[in-house]
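Labels run A, B, C and D following the written order; every chain starts at residue 1.
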Amino acid sequence: MMIIMRPGAPREQIDAVIAVIEKNHLSSHPIFGMEQTIIGAVGDGHYVAKEIFEALPGVIEVQRISKPYKLASRQFHEQDSVFQLDGFNVGGNEVPIIAGPCSVESREQILEIAQAVKEAGANALRGGVFKPRTSPYSFQGLGEEGLEYMAEAREQTGLPIVVEVMAVSQIKMMEKYVDVFQLGARNMQNFNLLRALGETRTPVLFKRGMSATIEEMLMASEYILSGGNNHVILCERGIRTFETATRNTTDINAIPVLKKLTHLPVILDPSHSTGDSEFVSAVARAGVAAGADGIIVEVHHDPAHAISDGKQSLTPESFAKMVKQVKAVAEAVDRKLVESPLHVGEG
Amino acid sequence: MMIIMRPGAPREQIDAVIAVIEKNHLSSHPIFGMEQTIIGAVGDGHYVAKEIFEALPGVIEVQRISKPYKLASRQFHEQDSVFQLDGFNVGGNEVPIIAGPCSVESREQILEIAQAVKEAGANALRGGVFKPRTSPYSFQGLGEEGLEYMAEAREQTGLPIVVEVMAVSQIKMMEKYVDVFQLGARNMQNFNLLRALGETRTPVLFKRGMSATIEEMLMASEYILSGGNNHVILCERGIRTFETATRNTTDINAIPVLKKLTHLPVILDPSHSTGDSEFVSAVARAGVAAGADGIIVEVHHDPAHAISDGKQSLTPESFAKMVKQVKAVAEAVDRKLVESPLHVGEG
Amino acid sequence: MMIIMRPGAPREQIDAVIAVIEKNHLSSHPIFGMEQTIIGAVGDGHYVAKEIFEALPGVIEVQRISKPYKLASRQFHEQDSVFQLDGFNVGGNEVPIIAGPCSVESREQILEIAQAVKEAGANALRGGVFKPRTSPYSFQGLGEEGLEYMAEAREQTGLPIVVEVMAVSQIKMMEKYVDVFQLGARNMQNFNLLRALGETRTPVLFKRGMSATIEEMLMASEYILSGGNNHVILCERGIRTFETATRNTTDINAIPVLKKLTHLPVILDPSHSTGDSEFVSAVARAGVAAGADGIIVEVHHDPAHAISDGKQSLTPESFAKMVKQVKAVAEAVDRKLVESPLHVGEG
Amino acid sequence: MMIIMRPGAPREQIDAVIAVIEKNHLSSHPIFGMEQTIIGAVGDGHYVAKEIFEALPGVIEVQRISKPYKLASRQFHEQDSVFQLDGFNVGGNEVPIIAGPCSVESREQILEIAQAVKEAGANALRGGVFKPRTSPYSFQGLGEEGLEYMAEAREQTGLPIVVEVMAVSQIKMMEKYVDVFQLGARNMQNFNLLRALGETRTPVLFKRGMSATIEEMLMASEYILSGGNNHVILCERGIRTFETATRNTTDINAIPVLKKLTHLPVILDPSHSTGDSEFVSAVARAGVAAGADGIIVEVHHDPAHAISDGKQSLTPESFAKMVKQVKAVAEAVDRKLVESPLHVGEG
């Protein structure tokens, strides 16, 4: 940490800062400049919040040198984290594809889509049963009934299932059904939920908040990791910017930046990051080209009548095309899709 | 709603859209243009999501005309909503001031600050006991113990208390203590929490999410209102932009825009919207000048040693100055501060 | 400047950085931490670009301590800069108001509006004759003919005139007419134009670029100041954010932040920063409450038929109301409007 | 255009809007809704600004249906525009690569880099001689001397040269040297410069402004096209967002969105869009995977001592690696790099 003092800050203010540095088990290194003094605080600063210095008299700015997260960092765990889901690995050389509808709408719907995405090459099935809807007047999901349909779809196809959890109170019930919890963008800083997910041992597909920085994303994932659950898959899903031509702006830079900063797997959700099925395949290809460890997309057998997110949902046919394109790009960057998709019943 | 068809969309696609419009109890009004057809959907569209049209074949865009919220809108309730808290009104001609520390740190701390802000002119006391912290390694709040200290502070000063709720599971316990729930920015789209707050009858101080649009803010407040709790106070607290000179960007435009769109009271939090105690008073004055119905600020008797948010906390002395300045500005725009602050024990 | 080395950077990389520091006449102060080394570079660093260190081997980050601008800074010139325009001061205790149409459309139009804004209390007249229009098919301004009408308006009303300059080639011709050059937001980093304005001695009303940081704004103003023209008036006119309820987001924080960082006068343009005449008065009041040294607004006698910016233009009547409101707020913050508006012929 | 009237707008306001519609040679189609009236304006609306309706009494909003640009649109010119530069095509199946330093620093530097990038597979050489620098105290470029070195580099390597133009006054002189003008991000809405480039017949590499929407980008390009110069190459170079982990945010969505909306070639500049040489290759691959028609990158033989942009410059070795990776990705999406790079002297 570097603590920058106001020009002309008196010696006693400098001493007071040094005292706080040392109280926090860091060593202090003042540099007396022409105009102002800067004090370096050296040691294991991961757990020291910069705000404890910011309001000290005479301090004008505090700059971190060490990262404010630890377990998520590549310094802490140099090798890529690779962990197994049902039938495939995440974080290794293979690039899994997760597909399915925004919402589980009915038993027939989810069974039909599950079959279709499996045939087209998906490795896991997504589908929401509790829906975070901007309007209270929109469809809010089938709840546990939907989970039963998802479980049935898994049985029929062998695909593990990924379902969004929206509240601490849902975790226990959902754990009986799901293979992967999805943490939604709107809950990325719902710290109670993060802590509770840290206490489970179910993998978490962790979506970036729509205005979260990459650093905040890693700090929030640290809530889960520090609880002992180290099966966290980070997911770029677009950020909010001034551009209105697409629903969100895919932060493609985040893929290589995250791969540098963290050992956790990083996947891309081009459905939400573009908001338009016309652009999903192009951005899915871009994600894999940039180094993403997987893709999650929305697929619906009848987007025109989907209850939610129809506009950004691929049809099974266009999804199959996307898989082929992504496969070619994966191979161009020396990776491959998951080799032998599961057989029915293996899940 | 206006549904815009792709140039050259065939008649059957147009008819299909019309069928969906009518199924939703709206009337359809196609305009056949040179290049493309536009179909107006007229009727009570508050509850019709635009996404049900977006994925229909041939549709390229859907534009709302009516607002996607109803109970929060001025059309629904033309007069300003005014409701009573302990000893003063919110939403009327008076401009209440809510002040207190970011976190309740100890019994002594909160009692001292409560007394100080009361003397300087505050009308309610804020203080967090469950803290949404970016890092899992930061202080997370005193929990129920903190609520007991807050209640004691209320008893001593007569100031009603405002405390952030972070989870559905905290509501029942907290209701015994708090006069106003604060819904934090990070939870603005935590829909489970919103619904649960809608079922209480405790007023909610509703903070704008840091990347929420004004429309999303009103739609989220609709979750609370539609549950039957119409005591919602909206709070602008800064949005996230590219500017890094301040912690957030105060969206001062949001004050008059919200006052036009909704009947709910609108207040400003200049502590979070600037992040720096040096700028709090200037922006508090600006808020009242722009028409805000109240101000909420962070005050700490010893900002240098505050556990959280010290940098943006006013001292009691600078808070007292701010109150005087805000009073002058309030009068310049034909409003006034709360006339006779409560007497001890009234709360 | 603080130069942060990669963990484990070898001694020779550290020495190479130190060599560059000393070559730039700064002194070096390495701090050898547990994980990494940080090197302080101390001295007059205003003119040293941080990028000369950024690409040195082993450097991962460079952080400035001193500001990258000098002449614009309060350190360089502690007192507020106050300078005289025709009949009033800018930057002192008085708060001048500049008003007029977006574009000069005809002789009759500008003469009528000039008279109207003068009567309502304006201290200077704005009006564009070269218009930066997003579309090439929109009205592009009357050019020199428009300047003649502006000059005639000045003669009739005594109001000094403010006109946007868009190109270096226009400066010489325009100087014969205008009292103040306006530098438009789109040209804030048109460095050729900035340099050329630095060589004139005509005051410059300098508008913030719509995605310029406050620091970039001050660095760009330094182009003008370093040319010897120190009559620069900074103008906040809204920044681009994700919020679409208003044309731009008024960065009200920028007012007190700029007043702290620079001695230059700071004014607000609520017409562009909101884009809607309904919100202009509220935000004008906010600006003055926050400490703005003046207000510039668009006024049109017939907004419905204005060629440009009609939506955000006040009528003379609503402008007169705004002036009264701004006057009350100015007095509430111990300032006042310009005392005795000029008499005809004084200009 | 759809003109939305205020609820309860009287008949005469509706009639006034209809009159303006018809005066602009469009036909009017009012829809009388329960609460409000909407008036469709049908016809060739490319050249009708929506602002002429926005300030009419009773109008609350105007929404465009037709695009505000024409010559740039795919409706106007359905096939991809392909045009020839020295030795290769832009906009066709081949993906050219443009490389070179940020600034021309000396004769030796540019000749060395030119040779290196040519050997590694570049198809054109970039290099700035007038530099838009944030600080007036930074190196501002070699001017015409630099152009002579660039011309010499072209002679030695056969690579056509791309140089940024910053002012109308530079065009004539520069035209003698350059093969392609680069229009910089900061000048994207410098309309005088755009018009002047429209009058040349030299191709223009048109960079997106850092806070320009895709629509504004196309409207600005229309200035050049409408002048008769239809050799415009659009370039995504990152936009400004809240994320600070990278210099800019690469808007990868913009690639497929632009390819849909316009016939003009679309290339990507991963050097500026990331600001860090570590991430350039990953994002270059992403760009080509997403459908970009070319890549422009900064390469310097000694980034540590580059006068500008060293941090984001690739070395010739890392550039050569990038070319190989981009080649593989291009082939994965059924495209290829330029087949036979030019021989020395061909240029």
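Everything below uses one rule, namely that a contact is a pair of C-beta atoms (placed from the backbone, for glycine too) under 8 Å apart; a residue touches a chain by one contact, two chains touch by 3 or more.
Quantities reported herein were computed from a predicted structural model and do not represent experimental measurements.
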Quiz item: Compared with chain D, which chain's mean CA position is the farthest off?
Solution: B
Quiz item: More contacting C-beta pairs: B-D or A-B?
Solution: A-B
Practice problem: Go ahead and note the Å separation of the Cα centroids belonging to chain A and chain B. | Solution: 27
Exercise. Please work out the Cα centroid separation of chain B and chain D, and write it as a whole number of Å.
Key: 40
Quiz item: Of all the residues in chain B, which ones touch at least 2 other chains?
Solution: 211, 240-242, 244
Quiz item: Which residues of chain C touch chain D in their complex?
Solution: 46-47, 49, 51-52, 54-57, 68-69, 132-138, 140, 166-169, 186-187, 189-192, 194-195, 210-211, 216, 219-220, 222-223, 226, 240, 277, 303-306, 308-311, 313
Quiz item: Which residues of chain D touch chain A in their complex?
Solution: 211, 213-215, 239, 241-246, 249-257, 260, 273-274, 278-279, 282-283, 285-291, 325, 328-329, 331-333
Quiz item: Quick one: in the complex, what on chain B touches chain D?
Solution: 2, 4, 7, 29, 31, 33-36, 38, 40, 42-44, 63, 65-66, 75, 211, 240-242, 244
